[in-house]
Amino acid sequence: MGIELKHLLDVDTLSKEDIFFILDTAESFKEITSRDIKKVPTLRGKTVINLFFESSTRTRTSFEIAGKRLSADTINISATSSSVTKGETLLDTLRNLEAMNPDVIVLRHPASGAAHFLAKHAACAVINAGDGQHAHPTQALLDLMTIRERRKGGPAGLKLTIAGDITRSRVARSNIKLLNKVGIDVSVCAPASMIPAGIETMKVRVFHNMKDALSGADIVMMLRIQKERAGKSLFPTLREYSRYFSLNKETIKYAKKDVIVMHPGPMNRGVEISSQIADGELSVILPQVANGLALRMALLYLLAGGAKQ
Amino acid sequence: MKETVILDAKSIQRVISRMAHEILEYNKGVDELVLIGITQGANILCERLHDSIKKIEGVSLPTGIIDVTLYRDDINSGNSQKTVHKTDIDFSLEGRNVILIDDVLFTGRTIRAAMDAIMDFGRPRTIQLAVLIDRGHRELPIRADYVGRNLPTARDEKVVLDMRDTSDDKVMIISEIKSKGK
Amino acid sequence: MSLIIRGAHVVSPKEKIDKPLELHIRSGRIAGLYDKGKAPAKIDPDAKVIDAGGLVLTPGLIDMHVHLREPGFEYKETIATGTKAAASGGFTSVACMANTFPVNDSASVTRYITGKAEKEACVNVFPVGAMTMGLKGERLCEYGDMRDAGCVAVSDDGRPVMDAAMMRRVMEYAKTFDLLCISHCEDEALAHGGQMNEGAKSTVLGLTGIPCAAEEVMVARDVLLAELTKCRLHIAHVSTKGALRIIKNAKKRGVNVTCETAPHYFMLTDDDITDYNTNYKVNPPLRSKEDKKAVIAGIKDGTIDVIASDHAPHHDDEKRAPFMYAAFGISGIQTVLPLTLSLVQSGVISMSDLVMKLSCQPAGILGLAGKGVIKVGACADLTLIDTKKAFTLQTGDIVSKGKNSPFIGRELKGCAQAVFVSGKRISI
């Protein structure tokens, strides 16, 4: 059993077998983090470039530590310190970085399809760490890893609800695609101004109230609400959003008793999720982060190892 | 393809029992002794040695499993990566006498990787190597402390352990029969 | 110098010609049209005879919506290269849009274009002037001056006039000088940030969608304003079912409105956008299957008067970028004829309908006297079409500087074999 991966751009091309293979590999990597010496020599002499055109703490740190624990040389380039600000095109940035012969580029970019674009022109492996509103495959994989750890019976048949700004969420898109592949029944919940056109063709059910959306849910995934959008076009005030669409001790009652509470972070406490729930015993928000590290180690191992073609 | 059975179930049992005695004799008992098997080939062998020692001394030794994939020196050859399995060592190795267990000793490269991996878990007092079969063809200066059976082989032959079921255990040599024409 | 085109099947719907005729050209004008064997025995001994057996001869095709990019964006296209591409596509005349740099919002820019065209263009170039200064939608341009310098219509193409009151003044003022108003219908607020058609596909790709309504609300507004002002209105690049419904209804009520579509709207849909191929990024965006069906129906039932390329050549660098940053537009002037011929081949329209939409109607709508016809005394602008020649479009075949075509690699059937501008054969 193995997997042939050149890049990880989205979850579309992954088969169910590929998905479980990646997750199994990631589980084997979890143990390394608990050692005294949290490092293995696997990617010694390999170079991983974290090319981040958007601010990110969690994902960038996760990839950076993942690379370092595998002994790869990990370099971070962030938009503010890079030549993007000087108007260099993405292609020129890529060509300059490639002249230094990296093995993996981890890309975070505000344009949907940026990772596909980079992969089309790159000789090294490309991992999409979030492109515009399109995809965030490592987030979806770590979410599934977390779900699988907590539901030993397997993911098939579980009911999951994603609540938040679905239109602008790459996390929602990648999760909808990935979780559907393994048989999870996905619903989304948001004001209609945050539900993208034709979402039902992605095999999800759409709700505009938490009661119906959470009814019978095994898992609820809350998305960060961008506060700066309040009062413009999507919703009038954080107060009203929170009143109708937040996960709190009242709304969580609509879901199953042992519902798993997830959030890809960063959270707005008191807006989309109450602190009581975020810090409560049903929350797996921190295990998500821990799994993210193991998952990214596994992906770096699978993509950076092997002979160069 | 030609299969030759080298050890049957009975002989394997005897060999393991002798190795257990040797380990105890050399270490003068079970103090500070731990067993670590290299996954996945030595998982069962490790269990058997553990059970055999328990039978003799009445002590259950701490037993761990180590995966050496991430320490291999051939990580950059081949197109797809070897599957990584779980490493499970839930005790300290500091100052311990580690019996490192593998099924077949061949080039010595796996053992080199395993020793590096063990060192990342702490500083054992000694590492001793126990293998069921030593088939020769070493590429590194490594030798085993406890050997079940020395087995001269040709390089292209395969040594296969089938230890799924105690009563039907066997060790085989599989060699390609060079076809003459046809 | 005279020319004889012999053996062609002539299709010229204005004169109801649809039969084999021999055509004689003298001094750039059509000198005679003769049935087979009826041509005078005594002819000019110097006349060059072109054997056009098996080919179709039509009035010179007219593309009423192209971007020649000059002045200002010569790295994308020039009047010389753009008209060469037009000739290769079978066109003898083009109307070029005003979004150049500087914008064609004054007679001096218009004269620059016509002057340059006189020297360098191989087909007729008819400039379209801007509706408002700098295409900003704020101040009227000097339509009278611009008309006298050669503008045949006004348009802020590429940008809508967002303010309805301003648009009303544009129409009234254009009417004063009997200029056609060509409207780019797009509500900027509704389309804001959009990259492609809004729908399931844009959701999957994570690209911001442009709803059909962004086009339709403006079509409705402009139709109402045309009714109010009695101005001649032409809706550019219609792409949606809803827009066609509004236009059809307006025509029925007698509003003076015409419209055009471009081949990509009857050939492609948003579903064809795969792997973020930026050659499919165009404005208005490629729409749904339903819309494509409606566009084909509109071509068939006559709601759509004209097929134009909306030829929008770009430099490779402007398309070689993530979809979000890539420029909008298709370099399409060379593929209009083969793609429209595919509608003839599939029986949607007749050859004579094709000539109407690619020559007669554009001539009529733009008021180009003597164009779109084949009759004795008329200017000899002619297109000779090989309807049977099959080929696969390669990047290298594209004559325009802009190679941004989604039809590269596609099997096409039919193309221009020769074009004649004022009797002069243009090498293609």
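By written order: A, B and C. Residues from 1 in each chain.
Just so it is clear, a residue touches a chain if its C-beta (ideal position, glycine included) is under 8 Å from a C-beta of that chain, and two chains touch if they have at least 3 such contacts.
Predicted model, so just to flag it, every value in this text is computed and none were measured.
Asks: Of all the other chains, whose mean CA position lies farthest from chain A?
Replies: Taking each chain's C-alpha mean as its centre, the farthest from chain A is C.
Asks: Give the identifier of the chain nearest to the protein's overall CA centre, each chain being represented by its own CA mean.
Replies: So the chain sitting closest to the middle is A.
Asks: Measuring centre to centre with CA averages, how many angstrom lie between chain A and chain B?
Replies: So the centre of chain A lies 40 Å away from the centre of chain B.
Asks: Using mean CA coordinates as chain centres, what's the gap between chain B and chain C in Å?
Replies: 78
Asks: Using mean CA coordinates as chain centres, what's the gap between chain A and chain C in Å?
Replies: Result: the chain centres lie 46 Å from each other.
Asks: Spell out the residues on chain B that touch chain A in their complex, using ranges where they run on.
Replies: Within the complex, chain B contacts chain A at residues 67, 70-71, 75-88, 116-117, 120-122.
Asks: Where on chain A is chain C touching in the complex?
Replies: Its residues touching chain C are 89-91, 109-114, 116-117, 120, 131-135, 167, 170, 173, 196-199, 201-202.
Asks: Okay, in this complex, where on chain A does chain B touch?
Replies: 1-4, 21, 24-25, 27-29, 31-32, 35-37, 39-43, 70, 298, 301-302, 305-309
Asks: Help me check something: in the complex, which residues belonging to chain C touch chain A?
Replies: Listed in rising order, the residues of chain C that touch chain A are 195, 198-209, 211, 275-276, 317, 320-325.
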